[in-house]
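Each of the next two complexes has subunit A plus one more chain, namely subunit B in the first and subunit C in the second.
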Partner chain A sequence: MSSIVEQELIPEAKKTIPRGWIFAGIIVVWAIIGKIMNGKYTLAVNLADQTKMSASINDWANHLGQNRQSNPFFVYFITPVREFISGLVDFIRSVISVPLAHSSIPMLGWLGIFAVIGFIVFITSNFRQSLFAMAMIFSVGALGLWTQSMDSLALVLTAAILSLIIGIPVGIWAGLSDRGLAVVTPILDLAQILPTLVYLAPVALFFLIGPAAATIATMIYTIPISIRLTAFGIRGVPKSPVEASVSMGTTKWQLLRHVQLPMASRTIVLGINQTTLAALSFAVIATLIGAPGLGDPVVQALVLRNVGDGAVAGLAVVLIAIMFDRSTSATLKKQGIYVPPSEKAIRNRRIGIGIFGAITVAAIVVSRQFKWAAFFPESINVSKPIADFADKFTSGAVDHFGFATTGLNTLITETILNPLESLLTGTPWFITSLAIVAISFLLGGARSAIVTTILLLAIVSTGLWQDTMVTFTQTIVATLLTMIIGVILGVWIGRSERADKVLRPFLDAGQVLPAFVYLIPMLGFFGPSRFTGIATGIIYSIPIVVKIVGQGIREVPVNMNEAAISAGSTKWQQITKVQLPAAKNSLLLATNQGLIFVLAVIVIGGFVGSGGLGYLVLVGQSKVEMTGKGLVAGLAILLLGVMIDRIAQYTVRRNSAPKQ
Partner chain B sequence: MTSSHSAISVRNLWQVFGPNPENIIGSPDALLPRAELRAKTGNTAAVRDVSFDVAPGEVFVVMGLSGSGKSTLVRCLTRLIEPTSGSVVMDGEDVLQANGSRLRELRRTKFSMVFQNFGLLPHRRVIDNIAFALEINGVKKSERHARAQEVVELVGLRGFEQAYPEQLSGGMQQRVGLARALAVDPEVMFLDEPFSALDPLIRRDMQNEVIRLHKELGKTMIFITHDLDEAIKVGDRIGIMRDGAMVQIGTPEEIIANPADEYVADFTRDVPKSHVLTLRTIVRPQADGESVSGVSLDAKTIIRDATDAVVNAGGAVTVTDNGQSIGVITANDILRIVGSGASA
Partner chain C sequence: MTGKTKVGFKLSAIAGAAALLLTACGGAGVDAGSTASAASTGAPCGSYTIAMHAWVGYTASAQVLTNVGKSLGCDIKQVKLDEAKTSYDAMESGTVDLIVEDWGGGRWKDWVDRGAVVDLGSDGNVGQIGMYVPKWMAEKYPDITDAANLNKYADLFKTPESKGKGAWLEGPPGYTTIGEKLISANKLNYTAINVGSEQALIDAFTKGTENKTPVIGYWWTPHYLLAKLGLVRVNFPKSTWTDAAKADGTTDYPASDLEKLASKKLATSGDAFSKLVTNWKWTNDDQNAVASDIDGGMTPEAAAQKWIDAHADVVASWTK
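Let's look at the complex of A and B:
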């Protein structure tokens, strides 16, 4: 069979023009038409102007607001859900962060919380992690952000617990049943490409701004993660123990309880870890729809361009993220090994738990009795020096290396960003659309072109064509740069064990942090500009790209490399002629992931001058009359995201090297 | 048929993968070779019209190359894979007709299985792995541990009760697998290539272990293997499978002496015949004037085991069956078989 296919394909392949040339041709024709017809049919809309769609959505939102009390959907579903969740958040807050009605402190003072966190981490992992977690939480207090941190913690806990309560059973269902998997897969795929900013506004529209809406929006983000990892864990259980157990006559329930769940527990715990971290990163951005906590100072700092305060708040988020990550990943490590602890170790541990428990109880009691244990001591506050340092550091960097940061900013802006933006936004919309469809066809084939056409028309119908193109431009530029840097680093860690050892901790840490936090230093370096969003997008998406590329390079069979070396190829030839082509699938996957990650960040770049759709979403968040436009902008982001993802997916499918 | 006296009686068992499998059976397509059937209808007949009986206490070996359908066959018998049609009768009951809860009960009490990849639960200690089948059957902890401990002694796992599977070697892990299968005191044990994943030396030990356990406990066993030496060593009878069908069933001796077709002959070519065949297969009438020594041997004696006696007899040896002489053999007759070695 294969020989017939080859015989048919090879002569034809020789005749076709290389795709690179066609691609260049499309760009040239597009640019020429763009020059001639510049500024015509660009569908530009002023910031304050409504589009047809945004106006009607505004009306609908108003209508919704007025009928909140009478509409049965609200009365019997939305409102009870909101009240339940906000009750839950309020309850946790009353334990750890908000003073009770008849008192000046929450149920637990800081010392009590400090001890409880240490005790919980001690039980789930070990004493070292427990000390580490307590150090982290203490540092957060020392940053002067104790109450905000506790508020964030309350929201994160509520969202994570509810997400796990929903996500784990659904994940088990999807793990056990093929039909279950078929039902959840499209939802999970959509959730993965949906930029977080997009669903804040719709959720707030239904659940009103406040902790409930923030929690629900967070859950929309985190439930898919727990479903995916649980299902993955169940499906990853080796076949033979399952078969052996069935052959012994287990019921489905016994099989799940005694075999599948215990054997999937590692992945499920990883799911808990990822769910919690995702909830934290979302809780920061959810401050836009009323999440109490650390998001507030972060957003304030971004809006006021106050790098120092932003750095302090960002640092607090980072510390909490590291605390969550370390304590759950230590649990993970402990789980993999089934070798039993010695009798002595068990006894020591029991004693340890007893002592630690007693201390914790004492700390709780003390924290309710004494002022010094109830309120985090104000004398311990390092926020000022840290803020000053961050300010000095960034301004110093700008002073001394300003030529570099401004230069880089200007270079990228003038050589790539501006020309591409004027091409995408300044050319008549139908010409640009045609060009995008043509490129989509070139990359992903006819199906890709058809889907792209439909999505572009949908974008046009939102009325926000030009803003979408602005965002699209930045996404393309950031992804290009990400891929250049990511492939270089990926090849490096793929080829060198030592490079992997050096970079891996940074990559891991980078993936833990919320995208929002990266905006702060970038703002310090580059000021408010489109490039700031792009730089943040690059920083945020590089870890995933580097990891995928590195993995791909490492998986290239050793004998392929050896064959190339023995044939006398240079290192460069080895990389370009053997390793990169052989890792093609990984490169395509990395590009796809890079695009999605970048888009998610580019839209929050609206905070720091990126403009485009992200800015419209933010404006919609802050001004009632702009609600409709913000929602439409969210829709446009979604359409753009789906378009990018579809083109990437079709390209992957069409160009993947066949698996061997 | 003899099904009422059999521990397990399999009749016309079919397992066809693919679309509308039941339409294949009984149609002319069923007779097509596998590749042609797949090309024509998209179906794969993994098990084709297999029938056999296993006597109580017998070790019945199913042997074939990979892809011959032997693993699918054993899974059909326990319904880990649902057969397309046929019957599997144990104790007068057709296993294939059992509903969900009855099937579970059968699995818990009547038969048990040992797997090639052991299938142990890594998060449970050895003792709890062995007791697992009892646990799911609701046996109390003290009781099931007592029973598990008995089996631990039986298979030579003493001292390892508290270990986790990953701390044991492959051979020891499979002892756990054996112990687990024995714990429920089943009537029939299915062993699916139990030793294929083990090193040759360990494999030999484990084969001897199975032979020993069989002698002590007398369990009916259905033993799957791709290794003819193993089949001959442990099996009372052997069924040879090819392309999903059972091409020959017989004692090791019958199969070596009279292979049903080229395929079976190919298999048996490398087996030293003197190790398998008995004197019955080489006995011949006394020739005129042939001197006969006073020695006589039973016809059931394996040739190899008779060699010393025959060589030292100083003349032809009388072969007897139930005390009656049925002919003679000489050292030359034995040499001819030994010399034919691998390929007569």
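Let's look at the complex of A and C:
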């Protein structure tokens, strides 16, 4: 760790011109040229106008639609896959949410589902968790969203199960074989930076709007997670037991089954946990391509700017997430500590399972025979007070702080957003590109500059340069604000246990809550504007930034800080001179993550007046003649994401403080 | 390890037992009621899903059909879906069966040609999209209603979002919009701002009317808000197009019959709901009455039922 202190002691200024100055120089030159050549070579394209690429993709997409019934690729591959997944979702829905033919209830009435969930959690963890899970599922019913929740549950289960069926074997392969890892890693990296909005349209193009397309889109999101965690688990198995088994002559299969898988089981269960939660968080956005369930009321609330209904639906998503999280985490704990149970404990548990099982079976039967057990009682409905509270809270806030939110919006828009946007979009494209490449070189070195150049040229060739720059501007501004707030909060929780305790639940909740849900109150606060999208992006990315920064601060060796205190540093000096510099790696990582998270959400700002690429994607979803442009916009988002990620990665690599 | 295998075994055993139990139960008790109600109305009726587009007027139409359909013993579901392609594709894949009002002037042609969607003709509503200003503006600046004068007033509409030009509030993503074309073809000093949703436009017009702040935006009839706020239309040269994709932007939006589109399954089933949908026709005023109640805080179900109860004769003519 001493190297960091030395770095601090020998300022870089002695070696070269400080990078800050070069950076400022680039901006100034850029701005001056921008001023002189403002509005020339900006590659602006009207919304309804096609670019070369979008026109040809449009033709291709239409052609695809017309040949759906005759093209062998569709007839023998796409359609069967769609029908299989559709059948699977429909089956699960017919068990828990959609009435059977000639019936008014699904296979199980609410009481039956309630008992089955409790029973499953009881078997996989314990009675307390089971009670907790049942309480959660009951609350969802009390929010008046039973059917929608069951629809979401059906979709989440289908997507999660299929993801695990595909992801775990691939993960095992990547865990065992280096070649496997080499094949999988770039795909996983790409998947991680791919904003969710991007692949909805292509999936819908092939699989048509409906539950099948929604499930497949969800799987694209969740499969990488299950692969990553499985591979990670297998690779994490200590060498010695593996070597011992090999020396005893076990076959590869035996080794996998009896040593590697059991020892990696904790991480694999964590993978199941993460896969399921991710599928759930995707359920809302999947509504855009026909997912039934909780996304429906959320999007409806967004369209009607109904904060209350949005809050209720969002709460239901969170409750289900907590249920999944708690019950799988409990399974994890149970696996972690292995205390051989006593005879009595085993017997008690068997009796417990027997009794609970019998009750469950009874509940199933009752739920199919009596109305009160079949339909969740309408008299138990707490959604109205919650919705009213959320409405009153937001409108009260708007009434009282409206001047502040409007002021904040105008301030940020006029002082940062507009100047930056006109710099990026109003300057000739080659000047802006040059400036971005120069900054990329400054931050990440020659390789970073080369990659940036290639990606910028690719963006230009999509024909959507202007829109990409609009989105890029918003991403930069949102990330800047996120980092300011995130570092402050991160330092706070890094230094104070109490702050950590206070903030952590909010951070956790923020991570499971779909961004759509808080887009609604943001719309209430800031009206339809680019800042609404930015604010949503900030909220979405703050939890991860705060957590990484907090962790970084906490890992700063205690003695460094103590040395500073004994040297008479003030608190401010401790933070700015010791802790933040020492946590440089975490800050860089947090910025990287912040950028990617912000980009993923800023594009859904297209719903609330943010314009840019996100809006094009949305328009492409609904207008036939815009399909191509929407798809190209998706591609541009992807290119932009890769560019941001590459620059950030090279910067991290180049500037990381060396490990001790 | 052994513990886990046992759990797995138990789980499957219980699942098996439960499955047996379900099959044994056969026709469950709860179902008896619903089959009886279907039987009492005579002809059996199928199960259909209506694509729900975002605007309130659409909700009004769809909800009235839902209520009447349910009273005929049909199983009617609603799914929120975007306009046009999204919904046509959904019809093709069999997830939805009905669009109660489509504004598209023939954009469904490809789907109809390949038999995935059936055009059932007008629903009786006539749609008119246009650019509108609040009433007070039309009174204060009488010549603003002629699009040729819009540039004179562009400065009034400036906002931080509008890049130094007038803010032209454009319709939501899925709606038929030609704002940018109108702006460039008529050389207007305005920036089209995509506010994203109907609600955002309602907010803008409501605030613009209450606080007398200048606002110009996309609006349409039938819609209850038009009468409520007294919005005034800005006139462009008379429309020369029907398909928005082919409009050149020099002329206004056309008045168009709003169409009912059905899936092949619904159009050819000949059951009670199919007949209802084919016969159903109502006026802009009818739709506004229901939509206005929904906006006033009634649930769509209640607002639709109120209209149905008050117009029993009209409803009867649909179900004949």
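Assume the second predicted complex is superposed on the first by the 642 of 660 C-alpha atoms of A that agree within 3 Å, B and C clash if a C-alpha of one lies under 4 Å from a C-alpha of the other, contacts with A are read in each partner's own complex, and residues count from 1 in each chain.
In this section, a residue touches a chain if its C-beta (ideal position, glycine included) is under 8 Å from a C-beta of that chain, and two chains touch if they have at least 3 such contacts.
Quick caveat: nothing in here was measured; it's all calculated off a predicted structure.
Once the two complexes are overlaid through subunit A, subunit B and subunit C fit side by side, free of any clash as defined at the top of the document.
Judged by the touch definition given at the top, the superposed model places A:S56 against neither subunit B nor subunit C. In the superposition on chain A, A:A374 makes contact with subunit C only, not with subunit B. Put simply, more of the residues of subunit A are touched by C, taking subunit B and subunit C as the two choices.
By the touch criterion defined above, A:P262 lies against subunit B and subunit C together after alignment on the C-alpha atoms of chain A. When both complexes are overlaid on chain A, the residue A:P241 reaches subunit B alone and has no touch with subunit C. When both complexes are overlaid on chain A, the residue A:V365 reaches subunit C alone and has no touch with subunit B. Overlay on chain A (Cα): least separation between subunit B and subunit C is 8 Å.
In the superposition on chain A, the residues of subunit A touched by subunit B in one structure and by subunit C in the other are 258, 262. The touching residues of subunit A, counted against subunit B in their complex, run 238, 240-251, 254, 258-259, 262-263, 265, 338-340.
Listed in rising order, the residues of subunit B touching subunit A in the complex are 78, 80, 103-108, 112-113, 115-123, 125, 132-133, 135-137, 162, 164-167, 177, 180, 184, 190.
The touching residues of subunit A, counted against subunit C in their complex, run 46-48, 62, 65-66, 68-69, 82, 99, 101-105, 107, 109, 116, 119-120, 123-124, 204, 208-212, 258, 262, 287-290, 292, 296, 299-300, 302-305, 353, 357, 360-361, 364-365, 368-371, 374, 409-410, 413-414, 418, 422, 523, 527-530, 606-609, 611, 615, 618-619, 621-625, 627. Only residues 1, 7, 10-11, 14, 17-18, 21-22, 25, 28-31, 33-35, 47, 54, 75, 79-87, 89-90, 92-95, 107, 110, 114, 160-161, 163, 172-174, 178-181, 184, 192-200, 203-204, 245 of subunit C touch subunit A when the two sit together in their complex.
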